[in-house]
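Working notes for the structure below.
First chain written, first letter: the chains are A, B, C, D and E, and each begins at residue 1.
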Amino acid sequence: MLELRGVNAGYGTFQALFGVNLDVKAGEAVGVIGPNGAGKTTLMRVISGLIRPSRGAIKMEDVDLVATPSHKIVSLGIAHVPENRRLFPQLTVDDNLKMGAFMKEARGHYAERLEVVFDLFPRLKERRHQMAGTMSGGEQQMCAIGRAMMSNPKLLLLDEPSAGLAPVVVQQVFELVKRIRASGLTVLIVEQNVQQVLKVVDRAYLIEAGTIRASGTSAEMLASDTVKEAYLGV
Amino acid sequence: MMGQGRLAAWGIGLAALVALPFVYRDPYHLHILVLILIWSFAYTSWSMMGRFGLVSLGHGGFMGIGAYVTALLWNHLGLSPWIGIPISMVAAGALALIVGYPCFRFRITGHYFVLVTLALSGIVLQVITATRDYTGGSLGYTPNRASGNGLLALQFDDKTTWYLIALAIWLFGIVVWHWVDRSMARYALEAISEDEDAAAAAGVDVTAEKLKITLLSAVMTALAGAIYCQYQMFITPDTVSGIAVSLQMVFAAIVGGLFVSLGPTIGAIITIMLAETLRIGFGTKAVGWDNLVYGVLLVLFIIFLPKGILGSVLDRLKPQRKVSPNS
Amino acid sequence: QEKKIKIGVVFDLTGPLAGGGSELGYIGAKIILDHFAKTGVEGYKVEAVYADAQSKPDIAINESVRLLEQEKVDMVLGFFSSAQCVPVAARVEQLKKFMWMTTCISSAVFNDKGYKYVFRPQASGDQFGMMTVDFIAQNAKEKLGKEPKDLRVAIIHEDGAYGVDVSKGNEAGAKKAGFNVVLKEGYSATAPDLSALVTKLKRAKPDVIFHTGYNPDITLLLRQAREQGLKFGALMGHGAGYGVYEKLKEGMGADATYIFNADPISIWLANQKTMDPKLPPVIKMVGDEFDKIRPGVAIRSAHVGIGASNTYVFMSDVLPRAIKKYGGVDPEALRKAALDTDIPEGGTMLGFGVKFYGEGTAMAGQNERSFPVVIQYIDDKSSVVWPKSQAQRDAVLPLPKGTTYSNQ
Amino acid sequence: MLEVSGLVKRFGGFTAVNNVSFRVDQGEILGLIGPNGSGKSTIFNMLSGTLAPSSGSILFGGHEIAGLPPHRIINRGIGRTFQIPRPFRRLTIFENVALAGFYGQGRHSRVKAEEAAERSLAMVGLPTDRHASVDGLGAAGLKKLELAKALATAPTLLLADESLGGLDEAEMDQAADMLRNIRDELGITIIWVEHIMGVLMRVVDRVMVLDHGEKISEGLPSAVAGDPRVIEVYLGTDAETTQAAAAEARRRAGG
Amino acid sequence: MQAFVDIFDIYLLEAVINGILLGGVLALLALGLNLIFGVIDVTWICYAELVMIGMYGMYFMVQYYGISYFVAAPLTILLVALLGAALHYLVIAPLLTAPPINQLLATGGVLFVLQSFATVAFGIDFRNLGIRLPVLAFGDMNFSYARLLSFVAALVGMVCVYLFMTRTFTGTAIRAISQDRQIMALMGVDTRRIYLITSALGGALAGLAACLLVLQYDVHPFVGLSFGPITFLICVLGGLGNFIGGFIAAFVFAEIISLGGLFSDLEWGYVLAFAFFIVMMFIRPAGLLARRR
């Protein structure tokens, strides 16, 4: 479904990704783990078109993403929950969700999707008229995920969805990832919470200093020495 | 800390500036130079707070107070500008506090601050116009010619004298700029301009710090207004207190470069020279074209040199700021 | 070395004042200067250097200083706005150069300043104001059927240099005439709304309104007056906007009829019979040249004539004398020549004579023989109705029944 | 040293903190936990003066500080970090910290402020280089900078809001050690808000739990970790890990 | 006491109503500016100058080319909409990442350019369309038809814009764009398009204002000075981006000018309005309608 080949990317003169290859098959949940500053977020951004690769190819179901303008990438079915939520703080929860359904394709299903999201996060329904910026960190994370879900995506990119959430909610989020996946969605998830994330994904990549250091099924990764030593910092 | 080389450069530059009127005596050019120095000082005063995101369009008002209070005291009470100027500065400072305190207390920032100050300069303008029985209204106001001692009245016919006075005032402005730049207050104000809550959490008394710089800036601007009046021997509400004046200050400061000490000066040189050259260049042959070209150039400057002319030039020359290793 | 006089000419060609009449004054002055550039004066070549003051006093100062010190002109001439004349005159005097103002009517320009090198052949603003009041005072009984003390008058003006000065004349005149001044108020020419003023006028019920303003605010005031149903007996304008009939007509249509205006007489209306016979051809020349520049103007604005006539006085009278009698065009010679000026009534295109108040008097430099006239616009023509000596027809006063603003 | 009673904060009609009372003793590390939106950051905001309480009293070192402006409170010795780092990007790292050192300690001496900056930077493990720019800092670096700024104000009470969010596990452990060092070496009392129970429970002496703005539990880590109400609203299936961590902490403390 | 009674006459009522009508004019002007300045947070200092160009457009179409008023109006609206879009494309777009003060200044430069362009292209003459609409009379009170028209246009415009901004996806995107421009792409929003739509809409509203103002005011290159500052103050007084607030603020301002002018001098009426603005900023910094925090 998603395919990255030899992707280089960075910020100005600073290169953050070096020849990254990565595959996500339809219906899979794939994790990306790695220490701070490894380039995980950069990877997500390069997929959703927020930054452009300086080299390499990215394909989504055979559509060349590099050649697609970034605002068109959503309509290919990719939704990105960015790091640090990035809500529109002065818009209400409702309006934030509305923005998630901005694309032409999604507008028709606005009401249905809203139901789905409110089902997932009843708290959002309670707070639908509150300014997003005044909500607590966890509530904001829910809103951000909800917003991404509004576009009815095929592939969901989650960048550290559990950051700053209470343990119960973290559980919920991972449950949610499972559920989203069960409903046929493909998920690519970046997490620091390695133990947890490896429980819900099929496969994972370990990224370090902008290069893929290891990859494999969750079980392989949990067992892998590279992962333990490089990442868990034991 | 200033390096030896820079200190020497400043020294030589200054000596040259002081010597200039004794070598070069073209009166019109000296006139323009005096104006440039006075306005440079005014722009520097503005940038004192402007550089910290406190964009004021009310400085025309402070300038007007400086000019009018000094002149009114001289004409009506015969108070020498040597006393009148400090009084006018106090008056401008008081106004700055009256408007500034609630603004800062109630967190009026950004656009809101810009517009409150805009209204302020509007008020000063209207008040000067409406109290025409005292201020001469839009006909303008002229300080009475001193009968005796020109020094006492701060009135000189000689351009060289004025040039030296303006130079001293300008230098004073630059020194104050550097003094602020190297003080802890600069850190505080930079911090405030980015995030008031975070600055407060670092222990900064946000309201007080903002008030202090506003006061300084307003008082200096009033001085500029008073000096301008003494030099031109004439003021009108539009030339010293209109919204146009306030805008002109912002323009020059930004065009020159807001974050470097000589930026506003460069801004003054460029805007004044440009306006003069264009006006004289086009003359009456192509009426109105000078302002058209002036406007277009301003827009281009701002688009292509967003850090100001001097700021952008220095940026090119200086090596990049060091980026710390990722931790 | 050839003999030459270089004249710096400053008017507003851009900015709000340009349309307020300054540009028309410039055209008038330029026609005359161009004329003398061809002929020369007493063997001197005439060269004019023009500058645009852009309706801003500080630019007027800068341009004057530049012309005098950089371009080395022998004198400056022109100026429309008193707000510019006040500082420029002070500067010129300080530099001991010569200045000849064609307009700048504010009395504040001269009041007790004791200038030696600054001259103005033009009538002053308070004279304008007093002229219209005088006209009403003389006609109150007969035409309006009221004793002066029963006559309700309102004085309104834009709050710029010009309006303020004229209104002072109005007020002083009204006091002298014993009118009942029911309202006196200034407003900013850029005010977006004058309805409050109109309401106050309605409440004050004036018989006569004395108004000074520029075209945009005149149009706005009269438009709002019409919309709010303000009624009065006569509207007295005072030059500036009221001097440009074209614009009044454009904004008000037929309602522009019967408006009075105090201005120096339009040179094309001046009584040519009592005039120095060498002037009518000049008047015709100015008219022809103006028509070339601005074809198709129904009533040529008085501003053109003011610029032309006042420039002509200098070129044809003062300058030759300076050269012949005082041996040159230096400020001293020009000053002495100007002080010698003695033109009787009828000696200028504007009808009045020229003699300057001498040094040591309160208005030193001001022409003591100048006076404006009151004209009235009737059927797209302007006719002098006051003073009697110049009057071409009887004034229509008060506004006839059936006209928009008539209170009859 | 800190005694809070009846603290209330309302936003419009919504009560974010409802009648919360607690005390903190000198030299203690108090863990403050609770579901998202339960009012933890709001309490911090009131303690540090960023927000004025709707009602209630905050006694710090015997003085009432409720409603004082932030700079006064900081000068009395309460330092804080922000949950989402708020560095001053136009200043260098050093200037960021020196600023806090100067103003946070009552604007006494520039030299002292710069010394404090050097010490704090060294303490959290950031470079003391005077020209290093903030732009180069990653998530972990920014969290450290927050701490360094708070430390430079020479606090006696430190409010640390989610100092571990977004850190990888290696850095998390480092940061936890750092907090403990701060207490042990500098004798600074700490209130610590965190969602990562595995780490928090190992470090804190006492835990207080909020839910919907109200205090629902308070006590030793092991006790709180076993409180069924806390498990229900906050810990969920994480309870076991949390209890394990608490148990380990007790063992270490005991041994 | 007598003076006190005198004040409550028919003229007071007339002044109040005229204030309301002036409010309509100001509200109409503030509407488009509120969209640009308040919502997408871009400072068009030259907004009133766009209106000025629109007024010239109307003048020349009607007076010179003899096009009927009702045909010229939509053309003018289109023209100013294009101008707004061009302004964005040429001046604002390159500065979107620059500090707001730079935008303010660049548009300030455009203000100069437009004024001098008008001087060069149309001359310095004051021009008047010369259309004289009938007057509405109620007994002793008379009201301006042109102003009534502006009032209605402002009301209808305000309602339309409000509905557009709150009910449509595009409207929501317009409100979102100033808050996080980068992330808009993730929503599938083409930011350039949103900016263009908004600028054109802002321009069109300026054009609409021009069509109605030209019925009441002379056109000249500096006519913008009469309205510019006041319009900005109104937007802020109403609360940036708050259309209903802006609408109400226009009336509050107009009443102060009108009643202030009636009770004291016209000049002091404006001083009063400005002073009121400053005081209100302290009492209700987020706008008239905002709840105090």
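One rule holds in what follows: a contact is a pair of C-beta atoms (placed from the backbone, for glycine too) under 8 Å apart; a residue touches a chain by one contact, two chains touch by 3 or more.
This is a predicted model, so every value here is computed, not measured.
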Shared touch partners for chain B + chain D come out as none
Contacting chain C as well as chain E are chains B
Return the chain whose centre of C-alpha atoms lies at maximal distance from the corresponding centre of chain D. C
Among all chains, whose Cα centre is located farthest from the one for chain A? C
Nearest whole angstrom, what separates the Cα centre of chain A from the Cα centre of chain B? 51
Distance between the centres, which are taken as Cα means, of chain C and chain B, whole angstrom: 38
Report the inter-centroid distance (CA atoms only) between chain C and chain D in whole Å. 77
Which residues belonging to chain D are in contact with no fewer than two other chains? 138, 140
Chain C: which residues touch two or more other chains? 13-14, 159, 186, 188
Scan chain A for residues touching two or more other chains and write them down. 37
Which chains touch, pair by pair? A-D, A-E, B-C, B-D, B-E, C-E
Chain D residues within the chain A interface of the complex: 11, 33-38, 41, 83-84, 138-140, 162, 165-171, 173, 195, 197, 233-238, 242
Would you pull the chain A residues touching chain E in the complex into a rising list? 48-50, 69-75, 79-80, 82, 86-91, 95, 98-103, 106-107, 147-148, 151
Sort out for me which residues of chain A touch chain D in the complex. 34-37, 84, 123, 134-139, 141, 160, 163-171, 192, 194, 231-233
Enumerate the contact residues on chain E facing chain A in the complex. 169, 172-173, 175-176, 179-180, 182-191
Seen from chain C, its contact residues with chain B in the complex are 13-14, 50-52, 54, 56-59, 61-63, 65-66, 69-70, 82-83, 86-87, 90-91, 94, 106, 108, 159-161, 164-165, 186, 188
